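First subunit A sits with subunit B, and in the next complex the same chain sits with subunit C.
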Partner chain A sequence: MELLSEKGLPTSRSEEYRFTPVVRNLEGIFSGAPAPAAPITASLDLIPGISANLLVFVNGRYSPNHSKVIDNSLTVKTAATPAPKADQDPFDLLNQAFADELIEIQVPDHQQLVHPVAIVYYIDHSQFVFANPRWSLRLGTGSRCTVLEYTVASSAASFFNNKQSTIEVRENARLDYILIQRGSRDEVMVNNTAVWLSSSAQALCYTCTLEGKLVRNNLSLILDGEGIDAHLHGLYLVTGQSLVDNHSVVDHRKPNSFSNELYKGVMDDNGKAVFNGKIFVRTDAQKTNAFQSNRNILLSENSNIHTKPQLEIWADDVKCSHGCTTGQLDEEALFYLRSRGIPKDAAKGLLLTAFAGETLEGIHDEAIRGFVESLILEKLHTAHLQ
Partner chain B sequence: MAKDDHIIQEITTKEYEHGWVANLESESAPKGLSEEIVRFISQRKSEPEWLLEWRLKAYRHWLTMEEPKWPNVTYPAINYQDIIYYSAPKKKASPKSLDEIDPELLKTFEKLGISLTEQKRLTGIAVDAVLDSVSVATTFKEKLGELGIIFCSFSEAVHEHPDLVKKYLGSVVPATDNYFAALNSAVFSDGSFCYIPAGVRCPMELSTYFRINAANTGQFERTLIVAEEGSYVSYLEGCTAPMRDENQLHAAVVEIYAMKNAEVKYSTVQNWYPGNKEGVGGIYNFVTKRGLCAGDHSKISWTQVETGSAITWKYPSCVLKGDYSVGEFYSVAVTNNFQQADTGTKMIHLGKHTKSRIVSKGISAGKSQNSYRGQVHIHKRAVNARNFSQCDSLLLGDKCGAHTFPYIDVENDSARVEHEATTSKIGEDQIFYCQQRGIDEEAAVALIVNGYAKEVLNQLPMEFAVEAQKLLALTLEGSVG
Partner chain C sequence: MLKIQNLHAQIEDKPILNGINLTVNAGEVHAIMGPNGSGKSTLAATLSGREEYTVTDGTVEFMGKNLLEMAPEERAREGVFLAFQYPVEIPGVSTINFMKTALNQIRTHRGEAPLDAVAFLKLMKEKMKLVEIDQSLLNRSLNEGFSGGEKKRNEIFQMAMLEPRLAILDETDSGLDIDALRIVANGVNALRSKNNAIIVVTHYQRLLDYIVPDFVHVLYKGRIVKSGTKELALELEEKGYDWIKAGLATV
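Take a look at the complex of A and B:
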């Protein structure tokens, strides 16, 4: 807390938070006291028909009573939070000031989990909740694990979920990390996730933002080994008064790795989105291939997008590229569909679905992919096709 | 790989060819910066009261500002009191013709390959030469005067066309715009002024040549170009400096004001002394360049070839205010040894149907750092704005860095903005392909780099393109034949 008060929370003057007034959104509603736990009434299972290892945080605190581990090899422990360091993100420090425990999740070496691990944030809706969940996940050598992360809250709930997590993926392990953000319209969410990858690890990180008043995702991938294959996909459908800010870092520290980043966004109403993708290629990371693409569609007059794809390269034998586009739906494609008798709205929906759908490639589990797709369709349907 | 190392070594051993010092008597202001100095400069140039006031206002504002820290460059703090802010070659009286100009001075410019004597009339370029802080000669004045074009030194313009200067000075880059622009506004000593009347198409290329000669001086010149309705001008700028161990500061301001249907093309070949191969000395090039497309259908195009300077910090920008106005930015930035460049552009779309295009090619070698930083801002009112940006980086050697910081802010839903960037080294397969066909490695690298920069070099006027190509070849000598 001392470090934090020295540093202060970021304002719009700070480069990293230029367009995202997190603090302004918190003013007035900040009560600070952690809310008491209440009995859970809503269903915590996200995907019908898929059973998962359920790890539940109630109002930011881990609740063993509500959690349910069905894969025997998975261990979940409670530990003390580590000592804070000065170079941490201000929200990380804020979390540390309030969180008194760290949930350590471990997948042992050479174990392939049968069921996904679902990390659920359950929010009590009776009053404003300031939640500070904190967890770490370690995938042992050669292991495999799918993580689903989402919030369960009633539509009236208003809360600030300040989540911090680290994931360590050891040699030859494979991580599928799927984050679905659709808590409630009044959600303020800061999401710090750091993923450390060792040699020959594989990872897919998928961030799907469908709801929330203000969402800030800090996702960093540190490629600290050779032969790593990393994919970052993201989709943000921003409507109403929402602001969605995705900051990602891909840090290539060792040679011969591959990373591919694809983030897509559709903005409507007064929706506002920020994308900042950093790719670092350090001096040692020769033979790196790193690609990044950010594509946006603006549907309404008042929507806007601030994007800053950033490449910083200190090695010469690399292939890196980034591309970024902002535009509208292709008039000609729309005309083509309409000339074949498809009504305008349906044609628009079809094109948007196709646009959003590309990000889903890479999710291996068909049930999960199908479910995320249905969420996207539902959102597109309510937002644009009435 | 051994061959690569060899090539890189050759690149890094290339010396600066304009590194001589001309033996010119000069008179200068004492070191340091204060209101006195600002008054001294103003008085020395017998400026009207309003201009002095303008300078003082800028100076007072500068005092309240802080040096920007955001560029991706590192350098020791500049001691602003250790710089001579005014240095001028001594002259007897103002020269009526070129015959009266100090022969040493003429020699200086002949060494640079710039013809002040109008012998080389065939080259057809009007030149305004600025040595240290003062404009020393302007050629082809009469011929231009027949068309109503005003092309003269800034101090001359202040005396002869005070209304024009007063109207447009600071209209694009206000005196309080940024740290270095404010400093320039306070102490600028000379520069070029150019006014193209309505409907006139300037028949020749206009050119300014800057040279820092005296030691310990900073150069602060100011260029103002006003293009009236329907006019056209192509403007060239070149610069060199002697080799010195200390760092010298160059903080210039260029303003372009384009009315309805006017077109201005501004080309720069920047070849300030970059410092030696240990990174000692060289020019700090902190420049503010901005063009305002004030009228509908106006167009401003920036082309730059940046090979010199220890540190470059420069973002030629376009404010697209008029409907259907067009902004363009073409850049090749080469850094070698310990050079650092943070350069790019800003395209501010305010008017409807405005278009902009950015093509930036960075080449880094040795231990240099090369950054592209650019902003494309589509304002809410800018209906149907269109932007295309491309910024590529080429890395030669494993100790250099390439960085891209593009900011894209879109507030209008009818805008189409595209941005793409790549970073790579010259592909081994590309070199192999050339070698297979009997082209040796060095020639192959030359071929590839030339092809890489072609898109930008093609934008330069003929006379400059030749110089730029030569410069590119020299800067990367060894890899470019």
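Take a look at the complex of A and C:
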């Protein structure tokens, strides 16, 4: 708390939060203590027909009573929050000030979890909720696991979910990490995730933002080994008055690793989005392959996107590329589809679905991929995206 | 079937069609020729409802209905089909997937039941054979990375699937090798009947050896300046367009 009051919370004057006035959206929250947990009536399962290891945070606090671990090899422990450090993100410090425990999730070496791990933030609506969940996940050597993370809000109440997590993927382990943001229209969410990768690890981090008043995702991948295969995919469908801000860091520290980042966005109404992608290739990280692409479609005059790639390369023998595009829906393609008898709305839907669908590639579990696709379709059809 | 009268169209205030008159009856094949930039593709696009082209004068009647009032998708459902001179690449949408949507839209409009997956596949196989197109191509993203000839073949495949009343083929022969030209032409001929009509836009007599036209028209500066029978195409092949331009200058 001392560090935090020294640094203060970022305003739009701080470079890193230039476009995203989180603090302005939080006025008045510090007066209210976290609401007490009421009995949960909503379903915590995200995907019908798929059972998962459920780890439930109620109003930011881990609730063993609501959680259910079904894979024996998975362990979940409660630990004290570590001591804060000066170089932490301000929201991380804020989280630390409020979260009095850290949930440690571990997949032992060489274990392949049968079921995904679902990390669920259940938000009670009886009053404004300021939630500060905090967890860490460790995938042991050669292990495999799919993580699904999402929010369940019992009504369209307003809340601020300030989540902090770290993930460690050890040698030869494989992680599919899928974050689905569709809690509620009035959600303010700051999401700090750091993923540490060891040699020959494989990871797909997929951030899919479908709802939320103000969403800020800070995702860092630290490639601290050789032969790593890392994919960062993101999709944001931003409508209404929403603002979605994705800040990512890909930090290549050792030679011979590969990273590919693909973020795509569709903005409509007054929707606004920010993409900031940093790639660092350190002196030691020779033979790095690092790619980044950010593609955006603006459907309305009042929507916009700020996109900023930032490559800093100290090694000399590397292959890196980045590109960003912003445009409207392809009129020629639209006419082509319509000229075959497909109505305008359906043709737009087809094009947007195809555009968004590319981000789903790489999710290993077919059922999960199919389900996320159905969420995207639902959003594309119910929103004004036509 | 199609009756175009005094059609004027422009793009961004630039007049391109300057009074087209053309009547096409069921069972007929019309060839439209003419120098580059004379307005052939513009005519084709205007007939299929491309919104960039503004019709400033004239009428187009199709099957007794006012075609110009219809949205592109409505025209397609009424039976107008355009094989594009430059087919569009659409990443992430497969030909099969979108043909299924399109065909069922059109069938519903005709009062027919939508095809289920099995019936659709059967029809598709049959039409694939007709234009000798490979299924792997149709599973891929629409036209993405297709060779020029593959794109054109895909256009005719779609035409075969949708069975239009009026097909407008805009330079379907360009980019085709000699075998492909024959295959595509045979495909088109197989679809000819007394109930439908075809407008073939082409620069070369070659295609007209296979798809024999009933009428040949020369479009120049947005007008049909000469019409004749298939012999006119032979004459153009031999003499070029200068004699027509010269003839116009003297009157």
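In this section, the second predicted complex is superposed on the first by the 378 of 386 C-alpha atoms of A that agree within 3 Å, B and C clash if a C-alpha of one lies under 4 Å from a C-alpha of the other, contacts with A are read in each partner's own complex, and residues count from 1 in each chain.
Keep this in mind: contacts are C-beta pairs under 8 Å (C-beta built on N, C-alpha and C of every residue); 3 or more make two chains touch, one makes a residue touch a chain.
Bear in mind that the values here come from a model prediction, so they are computed numbers and not experimental data.
Asks: Would you check which partner chain A:E332 touches, where first means subunit B only, second means subunit C only, and both and neither mean what they say?
Replies: second
Asks: A:L299 in the overlay: touching subunit B, subunit C, both, or neither? Say first, second, both or neither.
Replies: In the superposed model, A:L299 contacts subunit B only, not subunit C.
Asks: Between subunit C and subunit B, which one touches more residues of subunit A when both complexes sit on the common chain A?
Replies: Looking at subunit A, the partner in contact with more of its residues is B.
Asks: Please work out whether A:E358 is in contact with subunit B alone, subunit C alone, both, or neither, and reply first, second, both or neither.
Replies: second
Asks: By the touch definition at the top of the document, which applies to A:I313: first (subunit B), second (subunit C), both, or neither?
Replies: So A:I313 only meets subunit B here.
Asks: With both complexes overlaid on chain A, does A:H322 touch subunit B (first), subunit C (second), both or neither?
Replies: first
Asks: Who does A:G341 touch here: subunit B (first), subunit C (second), both, or neither?
Replies: Once the two structures are laid over each other on A, A:G341 reaches subunit C alone.
Asks: List the residues on subunit B that touch subunit A in their complex, please.
Replies: Counting only subunit B, the residues touching subunit A are 70, 380, 393, 395-425.
Asks: Under the stated contact criterion, what part of subunit A meets subunit B in this complex?
Replies: 15, 283, 286, 296, 298-301, 303-328
Asks: Would you tell me which residues of subunit C are touching subunit A in their complex?
Replies: 48-51, 71-73, 75-77, 81-82, 84, 87-88, 90-93, 98-99, 101-103, 105-106, 109, 141, 158, 162
Asks: Mind pulling up the subunit A residues that touch subunit C in the complex?
Replies: So the residues of subunit A in touch with subunit C come to 330, 332-333, 335-344, 346-347, 350-351, 353-355, 357-358.
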